[in-house]
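Take a look at the structures listed below.
Two complexes follow with chain A in common, the first pairing it with chain B and the second with chain C.
For the complex of A and B:
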């Protein structure tokens, strides 16, 4: 049994590595897809000359063959000098700022940003990861804390008023973009009533905990809505499944009090599938956060993504894409492994 | 005896029982469902308004959706012109000390001023009343909303047809060839697409290509088929072992015939329901992309990019957020209710 588990973990790990590799391929393709090349934004400047263009594309290594570019992006260029036989793409030394070689994304070097001139992409991203995680984690906590009880409550009161209220709420919330709800609440609570701040993570010059919580409250609640709804739905469905099982009838028949039946027999079995539902939520960290971070001026990875996209800052886009894919894939892997520990019935095959 | 003759003779008609085909039963159940009918009516109204947007803007409202008027920027709805300053005064009283200092008595004046304004607006000649205010370039929000409906509904339809086609075909194939090489490939693609941040990729791609409505639908569509495919695949698992599939295979029916004539009709109800929900999802996705500024770009109005103009001044001009959101809400709500009703109706013999 334990051996099977180890094999399963190794297999899932290798699979995830493969997915990460695919993500780097997709990320690199972004760079190549840009019409007119990634440096096309230089055309916006009327003073640009062909010499500037050539100088910059040599600086960023864009004059090399595509495969070499990918290899350099992945593994860095400092080792290229070691290769024997001078070919056209082999510069013999690092082109990108002689004192600092590109080290490749495998060594966490994502190159330099176009827009934030001279900044390392990885620094820009790492700076913003905490903000995104704070928002993502608190919205996860809120959606679990609200979603599980509301799902249980709806299941236990199936077909009665509370169930209907919860169902109508889910439909209503599903029919508008969640960021629009955030915008609306921001106008009313932030703009008109001044109960919550209009955006940002903290008042400048005041980084105290109450101030931070004050800024966090509305964004966390609003971005928790979609998670709350899906968790509550899964929970309701699973509860209803389990409530029909024979062992629940047996538990009731032997005279167990209802709350013990629910706690010991129903809940413990209904909560298992919910763990798999968690995996999708990791992916929302970046994808979902883009719109929320824009609405709430939240200084996280999503905001950086908006800036990068609007200024055609391809190195930052690629870095964000690869890092968030990596985080998402690792999140799914962690949940899968966690699940195989929690549920002994899981089959270690794929 | 030919097949027709067999059918005529071998099924005796039972007196007193009205025979119903499947679709007759569906229709009968649908007609009894008042909520779904209301939603269908609502959607029909929205579609009609969008289709007739040019005529309505020109003949009823008297505003062109693209003509700018820089001295009339961010103007409140004309009927609320007198009520809006009172409302702002009210919000100012609230800001002094939180909700406790709000002067709720101002609402009497707000409501009476709006009422007077509404009556005035109804009587006003064409081209003088902005029912939903003006945007940051002084354009009429209502007529832009009507035109925006054309774009949003079109994208909803396009995306649903693209993602449903892809999802159904790939789902059929992977379900029919389950546990073979083809199935593995399709599953690998689904798993890959499921583990990368798709919205981010979508945003990057639409920034790079700056597509029109058709191109944008294509982009949203090719990232939206995975759920459908999974669903169909699961359904086919149970269907392909049935006797009638075995029978048609035995008489030498081709794989395509089995898939599209025998299996597909059995999952058609699911396909229809999921497709309807897909339309709503696409409208919401388009709104998000356009709000970010990477979807449909101005001067073409869409419900998402109408809100983009509110980015800097949404507390001063909340109608820029409210009006497009209301359009989205009404449209997706009716689509949702129709989907819900269809789900029940397409299972007509279940009580």
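For the complex of A and C:
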């Protein structure tokens, strides 16, 4: 079985890479189709002429066909010197200085940002990962801590008042966009009552743990909302499913106290998928925080994405795109693999 | 349990929830405008403007950009003294008797600034956004000359004197001695020369390179003498050559690549500076901390010892911070101005800026469009009550504008056709263009109602939206239908700069420049469709601009620019609307603020903090 697993991992790994590649192709095309470009902002100033625009465009290689730009992004431009006439496909910066040639994503070079004037994309992203990680992790903890008990409680009281209350609440909360709830809470709690800070990760010059927790509280709670709603629903559904199983009826029939039935037989089976899926769910949480980061001035990847999209910074957009699709696909893969450890009945076949 | 219930199933659901509810929504964020760097002018920017850079000739100093928000009741500058400005004469020498060494006396404290967009880079020759130039102005400050805050003339700054040769082609600047970099090394003409050489290297990405093309040579004759030669007489040259270049420390930068942030740490963490402040720490998207530079060449360290800029993505949040006293300033949108003036801890400073932002309606002049016809353009202009629009949209924070230059400019010509609201005249103009007005509809020769496509952007700008619906309403009264299309910023720019545009009318704004000649570019045929989006072609106007640029006599130039204003107003390529007042809210503990036509930031080093006596 172990050997089967190894082959399975390899196969799924390759499939995932293929998926990521297809995703980049689609992503690149979509970004390029969007109106404007990284230099668009430059050309609306009486102090800049078309000559300035064209010069910069050639320096950055933005005057090349889109397909060439994609290939360069994928494979780099340093090797183009080997092709006859290949230097014509290099960007002006690369021709001027070989050190500025991109090496391509295949060699783990994410390229350089237009908007951030030549900064390495990977540095810009790595710089912001901790913030996103902290927010994602906290909201995951909160959504599990709230979602699982409320799901169990609803299931055990199925069709009765608590169940209805939980269901109605979740539906209601779910119909309102969370960023709007976030903004509202920010204005009320931060602006008027002043019990939470108006965004940011820490007070400038403070940065102690209590200060950071103080800043984290509201964003984490608000971004946990959608998580606990779905977790609670799935938990309820799963509990009900298990409660109808024969072995539960058997356990009850042999006179086991109800709380033991729930704890030993129902919960253990119902909660299994969450335990295994948690790491994967977490990765997905990471890639879904754009709006909260905006509302709460949270300096993470989501805000970077918004800046990159607004300024048509293709390398940064693509970098974030690759990383978030990678995280997402890895999340799914990890769930599958972990599942086999927990549930021996699952076999992986080629 | 069944295999069919594998975790993928839940994952899918969770993905659907988390991604579905979050990632798809970015366009709906409360304030995407705050994230768009380009349109954000440093001043309150009631609406984003296409033009962001500070007026030509001024180095992006803190002065030009600090006005992250707004200003003073004590002294409302109603009119600039720009009209008194004189052009440099040939064969003269100007010597400054200004003493720049006496230290400031009211030192200490921390100023807390707030901004809605962070700087991109601290490299002064790569960026175009105002956030970056305000950061850069903290650390690299000073050109050879600067604008006098009252007369708006160029006066010696880092140069203590300059002279212009008889033929007007050679400029000699003598630098002040004793100016130091923050590491104690002298600031010399070599630093200027080296910086100029780097900036003008075409491989070095300077976005405004075309502004320096008139310079033939730029040489350091010795450590304290610079000689700059130009090809032919060009009147804006003095301001351009002395304002666009602020020196970088050659002894530090020389060994480093000019524009590679991976190998040149000075680009984003400058260690040796010329400005009033040194960078202590910069955390992107969070904050930047600056501290006083004891070696600052202009009267030593600034009064305020620490300067902190906090980044928040939303204007409302930034305003709240000022209100609660968390920061000393904050952006005040026009609708909050009334409230802000009443805040007990805030003084609102107000002024009419020399480089005012002015709004207009662009009319597509290409053949085939209804607005190609002069009478249609005039008719559309007459149909709008621009006074009322100014009053309603800008709530008294703007003045009418009738042609290319606002009243604050020294070349302003009051004697131009202004198309005051007159619906009868509007209909009359349309009749001359072959239209007929029947049953409340403006019909063309084929009996079809005139419909115009009106575009504006960014779609988050309330000001422009308000202008758009007002135009629509007024035009409907003369039977012209306008279909409004609001666009995201980049999309709008692309539509505007398209070679074959499909719009008839758009709403735009320009930032006036103190040097009137710079506005030539937006009327030149060669700049269609980028800067001259309406495709205005008038060779007489171009000739007048050329003449005004080549003869530096004050009266001569003024007369030419006045003629230009008249011709353009008659041709009506734009419907000129209004130009904006500027304002800035500052905590009352900040003293020493004096608003002029340059704003309030020009003497920022002299501001000081007076703590209120604790009750």
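Points to keep in mind about this one:
The rule is simple: the second predicted complex is superposed on the first by the 272 of 350 C-alpha atoms of A that agree within 3 Å, B and C clash if a C-alpha of one lies under 4 Å from a C-alpha of the other, contacts with A are read in each partner's own complex, and residues count from 1 in each chain.
Throughout what follows, contacts are C-beta pairs under 8 Å (C-beta built on N, C-alpha and C of every residue); 3 or more make two chains touch, one makes a residue touch a chain.
Model, not experiment: these values are computed from the prediction.
Using the contact criterion defined above for the overlaid structures, shared-chain residue A:109 touches neither chain B nor chain C, since it reaches no partner.
By the document's definition of touching, of the two partners only chain C reaches A:336; chain B does not. After superposition on the shared chain, chain A has more residues touched by C, the comparison being chain B against chain C. In the superposition on chain A, contact is made by A:30 with chain B only, not with chain C. Applying the stated contact rule after C-alpha superposition, one finds that A:45 touches chain C and leaves chain B untouched. In the superposition on chain A, A:176 makes contact with chain B only, while chain C stays out of contact range. When the two complexes are overlaid on their common chain A, residue A:290 makes contact with chain B and with chain C alike.
In the superposition on chain A, A:53 makes contact with chain C only, not with chain B. In the superposed pair of complexes, A:310 makes contact with chain B and with chain C alike.
Of the two partner chains placed around the shared chain by superposition, chain B is the only one that A:321 touches, whereas chain C remains out of contact.
Overlap of the chain B and chain C interfaces on chain A: residues 34-35, 174, 177, 179, 183, 186-187, 190-191, 194, 198, 287-288, 290-291, 294, 305-306, 309-310, 312, 328, 332.
Of all residues in chain A, those touching chain C in their complex are 34-37, 40-53, 55-56, 59, 92-93, 96-97, 99-100, 115-120, 124, 127-128, 174, 177-179, 183, 186-187, 190-191, 194, 198-202, 204-205, 226-227, 229-231, 234, 238, 241-242, 269, 272-274, 276-277, 280-281, 284-285, 287-292, 294-295, 297, 299, 303-307, 309-312, 328, 331-332, 335-336, 339, 343, 345-346. Considering their complex, residues 19, 22-23, 26, 30, 33-35, 171-172, 174-177, 179-180, 183-184, 186-187, 190-195, 198, 283, 286-288, 290-291, 294, 305-306, 309-310, 312, 317, 320-321, 324-325, 328-329, 332 of chain A touch chain B.
Against chain A, the residues of chain B that register as touching in their complex are 91, 94-95, 98-99, 102, 191-192, 195-201, 203-205, 207-209, 280, 284, 287-288, 291-294, 307, 310, 314-315, 318, 321-322, 325, 328-329, 332-333, 336-337, 340. Taken in their complex, chain C has these residues touching chain A: 1, 3, 5-8, 10-11, 13-15, 17-19, 21-23, 25-26, 28-30, 32, 35-38, 50-53, 56, 120-121, 123, 126-129, 202-203, 205, 207-211, 257, 259-263, 267-268, 283-287, 289, 308, 310-314, 316-317, 320-321, 324, 326, 488-491, 493-497, 510, 513, 518-522, 526-527, 530-531.
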